[in-house]
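Below are structures written as structure tokens.
Okay, so subunit A shows up in both of these, paired with subunit B first and subunit C after.
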Partner chain A sequence: MTAFRRLIGFNLLTAVVLGIGGWYLGWFIGHQITGKSLDFFGEIDQNDISIFLGYFMGVIAFLLGLGFGVYPWARMRGYPPSLREKETAGIGRYFTLCTDHKVVGIQYLWGIGLFFFVGGLNAMFIRAELLSPTNHIFPPGQYLTLVGMHGTMMMGMMTSGILGPFANYVVPLMIGARRMAFPRIEALTFWLLMAAGTILVTTILFGGFPTGWTGYEPLNDQANGGMDAYIAFFALVGISMTLLGLNLMATIITMRAPGLTWSRLPIFCWGVVSTAILMVLAAPVLVAVLSMAMLDRTGQTSFFIASAGGSPYLYENLFWIFGHPEVYILALPGFGIVLELLPVFSRKPLWGYRLAVAGLMGVTLLSWLVWQHHLFVSGINSDLRPFYMLSTELISIPTGFTFLCGLMTIWRGQLRFTVPMLFCLAWFFNFLIGGLSGVFLSDTPSDVTTHGSFFSMAHFHYTIMGGLVFTFFAAIYYWVPKMFGVELNELLGKIHFWLMFIAFNSTFGPLFAVGFLGQPRRVVSYPSHLQFLNDWVSVSAFVLGFSMLIFLANLVYCLVFARVPAPANPWASLSLEFQLPSPVPVHNFERVPVFTGDPYGYGEAAPPVGVPAPSPAGGMS
Partner chain B sequence: MTTAPRDGVIANDGHGRRFVIAFIVLSVIATPLVAIFVGPLFPPGNGSAQAHEQVFDNTWLVAIMTPPAVFVVVFLLYALVSFRSRSAAVVDGPPIRGDARIQAVWMAATGIIVLFLAGFGSYELVQSGSGGGQGPNPAFTPAGASKAMDVQVIAQQWEFTYRYPSYGGVEVPHLVLPANTLIRLHVTSLDAIHSFWAYQLGVKADANPGVDNVAYVQTKGPMTFDIHCAELCGLWHGYMFDTGQVVDASRFASWIKQQRTYFGPVVKYLPKYSTIYLPDPQRRAG
Partner chain C sequence: MSDIAATDYSIVEEEPPELLARNLRTASHLLASATAFFFLAFVFGYFYLRSLNNAGLWHPKSVSASQAYGAVVMALTVASAFLVRLGLFDHRRGRRPQWRVKGGAALAAGLAAIVLQIVEWTQIGFGPADGGYASIFYGWTAFQVLFAVGALFWLENILATSLRYGKIASGAPAPGEASGDPHRTAHDIRDPLSLVRAGLEAVSFYWAFLAGLAVLAWIILYLI
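What follows is the complex of A and B.
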């Protein structure tokens, strides 16, 4: 009976049922509004207004079903404020609105992981199609949908790939806080992202979308109903990103424990701050530009329709004003992870702390000034090209700071090649190749050949997959023993690493050559003399996919079957989160800690960081 | 700047000196080898003055990038071999928190490389216009641009057609260009955004509806070149390719005469030659 009662509360099941109901309600209302006028144009067989209303009402109903309306409703009726919800409710708290940042972090890990695997599966389909230039597994429309879903899923969901699971979980522990600044908003960002991911998958019900992740106009406007799923997905992701960034910024600015000055803040938190700044400022532009695209599709406006006075350049500019900071939203948390983990496994303090911070902040600032390098051949502002060439190449200076600090941290250390350390070291190699290949793309004359070819695709896979996904796995191997209190198998981890590292380079290295030899991106067919290289890449990609299965097997085996309890501090780290018992208590700290230094005092005879305050610190509950 | 006193004991054990020597020796060996043997392999070949400039540009870029690449790889290899922990217990390394001199050298070195790259790239861009699409008012034109021959590239889903305004505005299905001529390509689109990529000529220019995107190319001898659409333009994007030719002036004259005989009669049914063709707004794109 109690089990049954639990099922009908505010939880995921209720939310899904209400969400589907909300979808149909929106769909119905959309047809009531527009049915007649659409019948007037006999050739139009889709109703974009219905689809959008369906998505938005479905999302609202989904969130209400999770219980997001309960607290505002209670406050409106005059109940006293309460900050916490469902923090001690057993396994059920993972399937509902929960305000414990540790629960949200673990929700994010599984949720993001799920969509990461969906996106990866799309990549496998793409490579299967490209095994042959002439024999097609998928019709071209389906192929473009796969390309678009892979790109959009990865670029959309993985923006929160590190900030979602790890920043949410670890940042309050690192800074000695008991919660995030806005716990309900924290939960909202996660569930919005899950709703968005589901919406993107439903694009296949409406014919998919042909535009890739950039959604360029006017192709966007002429595409069929699946495009609405893309727009709704990315707009919701934009809202989620903005809120996530705001929450993390507010947390780090206002909730640091006594003694944790800005110059003692763990470098991962600086990575989170710099990413959060970009999220808060860039993601609203995405929401705006997609709202305009939505109005073009539904309200017959013409922001981007050249023949009716609009401009596709407006879309390209606005999209890349978001889109270039976006790629640093993906890369900067990786910088933070690498610089945070290297001191632990080199047993040395972080080298050049202030330079590392300057590097992160420099990238944050410069990333606003470079977006037109995506438009070097588009035909706008040819006189501004030297400026964008310079600003793009300037980014390599602050990125170089990160490299220098990381490399010098290793120098003279006592290196221990654990699995997280291996992933961090691989970051250097991958990001080196990614960064150097970026020079070809930033240099305008050279970009004429590489632009829009497989070369640029290989470049951003080296920076994003090599920079983000590798550090994502470093973070998993590093923090999962703390998050779940369970050890991961080291041998399987090392097999996963080596297979992934070799297959990754074997996949994307030859793609530079494929691009240089003249294969444009996102093609379903290609010149037959490129078949050998493409087949090589496809087979390597399948091995890369297989390495992910090894990781998954490791995770499931260790978390579900073996369950070897991990020590509280398996890496002998000085960071504050590893000084807590595993699993971390619900409210983290019995007493708010007081910081006496930064967490990098390896080899120094300094007192331990974060000693509990002698008496409860006021105002920090 | 984070500074800690340089530790006299560990600063003199030769690791730093050995690494710097290895880096310098390997860079000095590798950079010319890369420039001489890898550089010429770079695309897009020698099909036009612009393509040739790009190969030259790429050769310089890869040569400049060799020392940083050698630096990181040699550093990693040296550090991973020399500094791996040899004890089972967790032992701490020396607490070095920074070095102002190394930071200053690093900043100066990366700054110089970056400024040189930007200056070099800008110079190359200004020289030849680089073959990229520069919009209706190109800022960087090659010498003799006023006498260039105009050719229009019209992209639509999913093919390219070409108009020769100086030959009666005739529109033909395949691109043929005269050799040793400076061509001014006017790239435009009728529907979605496409990108005209003539690979061996080193030309890429996005085709936007309602925009005249100009790219210059100085052809060389007779050759065949590949044309692809390089911007995702919908369903048959992957099949939007073509082959073009550069031919002698005399063959070009006879070819264009032949084309005018074939396609001349339909010119009067085409829209008048214009740098842009906007579709009927009632029909939206496509």
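What follows is the complex of A and C.
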């Protein structure tokens, strides 16, 4: 009876059933609005209103099925505020609304991982297609959809790739808090993202979309129903990002333990703050521009239709006002992780803490002033080019601060080449190439030459995959023992790292050459003399994909089968989260800790953080 | 994975109400910042499309928004925000019945503004397809209504709590009432009713901010 009641309660199963029902209800209502038809399920004509209403009502019903309606309903009837939903034991809490930040962090890890896998699979399909100069697996339209789904999935879901799992899990522990500022909003950001990812996958049911991840007008307006999935996906991601950033900022601003001044805040938290600022301010612009696109497709507005008083350039401008800060939303958490981990594995204090913070905040500020470099070849006023060229080049200075602080931290340190450290060191190499090619691309004449080619594609893969995904894995190897209380296999981890590092460079390095030789992005065919390079890249990409399977095997083997208990502080870190037992107690701290210094005092006499309860576990350096 | 047999609320109950009050205050400011950037897109769109005037269809002569409706919608929004502010002053001085009256009036004024905005759309004489200005007008006002609905829902929550526990001493409601958890032995927050003030301060700020945006919308969409 109890099992049955659990099955029909608020959980993922109920949510999926209600979500599908809600989708069909929205679809039905859409048809009632646009003209009655009984042929709801086998329709050929495109009906954007039905599709959008279906997505909207599907998401609402999905959230209601998870239990998100209970609290607002109680509040509407005047019941007082409360912090937590009913928390259940066991695995069930991972499949419903749970307000424990550690559970949400783990939910994010699996959820993001799932969609990262889907995005990666699309990349494998793309490279399989490019084994031949002419299309041989997918028709051009389907190839474009694959490219668009890969880019959109990665750029959308991975915005929360580090903040979702790790900031949610670790930030309250690092700052001595028992919870996030708004636990329900924290859970909502995760489930919104899962709904968004599912919606993007459904684009294939409506014919896909031809625009790539940028969704440029006027193609956006002319595309078939699959474009609606792109718009709904990215708008939901934008809402999720805004709320995630707001929650993290509120948590760090208001919930720091006594003694944890801004100048003692762990550098990872600074990385989170700088990212959260961009999320709170940039993501709403994305939601706004996609709302306009939705209205153009459903409400007969003409924001982006030049012949009716609008302009497609409005979309391009607004998209990149969001889009360039978005790049740093992806990169900045990686900076934070590298700077957080290097002192632990170099056994030295973080060099130039204030300079590193200045670097993070400098990137945050300058990222607002560069968006038009994406429009250098779009016919913008040529007088604007020098400003945007200069501002883009300037951003390499605060980025250089981060590099400098990282390098000086490992300089003459007692380096331990653990798996997380290897991923951090790889970040230096990858991001250096990504950054330098970025300076090259910021220069207007060279940008005009390489715009839209595989050169720029190689550049942003070096920054985003080299910068974000490598640090994402560093964070996984570093914090998973704390999150799950289980050790990961070091040998498999090192095999994963080396295979991934070599294959990554073997995949994206040659693409600079391919781009210089004139191969454009998002085109299924290419000149036959580029086949060798393309085949080389494709084979390397398959090896890169295989390296992910090694990681997955390591994770599943260690979490499900081996289950070797991890010590509380396997890295001898001074950071507060590692002073707690593994797994972390549900309420984190029985008494609030008191900070008397920063967490980077390696080699100093006394530990800087006072942890009064329950009992410090693990070794201290 | 950490596993819990049952939540020991006796450990988590000790959180002081000031903490959530601080969170609400911070969140209201951050939310206002996010809202500002959302509408910044429409402000940008307004001036961008106006400067381009593509196909001469930025603002055809036949497209004209009603000054009267615009002014009344804006005035009602500002009046509603002002009433919430006055209600907050009453609450701070312990005049709770007066706050409830002003809160109810603010809710009514806000709802009237929304209804009038919808009436304006039906009476306005041009559609969203009538050029750049028309698109901006419909898009901006539609989302303004959406944000107003959210803010008024927040205000209604606070007002409803205030009304439900109007005659009960602070801290009296049973633990777990809000979340419907009958197994709770204590509150999450030491004195949940004290958060009416914190919530009121937060919603007062945010609603005043939205009223400011309504004034900006009126200037840009009706006066310029």
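One rule holds for everything that comes next: the second predicted complex is superposed on the first by the 592 of 621 C-alpha atoms of A that agree within 3 Å, B and C clash if a C-alpha of one lies under 4 Å from a C-alpha of the other, contacts with A are read in each partner's own complex, and residues count from 1 in each chain.
FYI, a contact is a pair of C-beta atoms (placed from the backbone, for glycine too) under 8 Å apart; a residue touches a chain by one contact, two chains touch by 3 or more.
None of the values given here were measured: they were computed from a predicted structure.
Applying the stated contact rule after C-alpha superposition, one finds that A:106 touches subunit C and leaves subunit B untouched. Look at A:587: by the touch rule set out above, it reaches subunit C but stays clear of subunit B. Once the two complexes are overlaid on the shared chain, A:523 sits against subunit B while remaining clear of subunit C.
With both structures placed on the common chain, the touch criterion links A:306 to subunit B and to subunit C. Look at A:82: by the touch rule set out above, it reaches subunit C but stays clear of subunit B.
In the superposition on chain A, contact is made by A:282 with subunit C only, not with subunit B. Comparing subunit B with subunit C, more residues of subunit A are touched by B. In the superposition on the C-alpha atoms of chain A, the part of subunit A touched by subunit B in one complex and by subunit C in the other spans residues 302, 306-308, 311, 313.
By the touch criterion given at the top, residues 70-72, 74-87, 89-90, 102, 106, 178, 181-182, 242, 246, 249-250, 253-255, 280-285, 287-289, 291-292, 295-296, 299-303, 306-311, 313-314, 317-318, 321, 483-485, 583-587, 590 of subunit A touch subunit C in their complex. Those residues of subunit C whose C-beta lies close enough to touch subunit A in the complex are 1-8, 11-12, 15, 19-20, 22-23, 26-27, 30-31, 33-35, 37-42, 44-45, 48-49, 52-55, 57-59, 127-129, 131-136, 138-139, 142-143, 153, 156-157, 160-165, 173, 176-181, 183, 187-189, 192-193, 195, 199. Those residues of subunit A lying in contact with subunit B across their complex are 140-141, 143-144, 210-212, 214, 216-219, 221-223, 302, 305-308, 311-313, 346-355, 375-383, 385-386, 389-390, 393-394, 396-397, 400-401, 403-404, 407-408, 410-417, 425, 428-429, 432, 436, 439-440, 442-449, 451-453, 516-518, 520-527, 572, 601-604.
In the complex of the two chains, the subunit B residues touching subunit A come out as 1-2, 10, 15, 42-44, 50, 53-54, 57-58, 61, 64-65, 68-69, 72-73, 75-76, 79-80, 83-85, 87, 90-99, 102-103, 106-107, 110-111, 113-114, 117-118, 121-122, 124-126, 128, 130-140, 187, 191-193, 195, 197, 199, 202-206, 208-211, 213-214, 226, 228-239, 278-281, 284-286.
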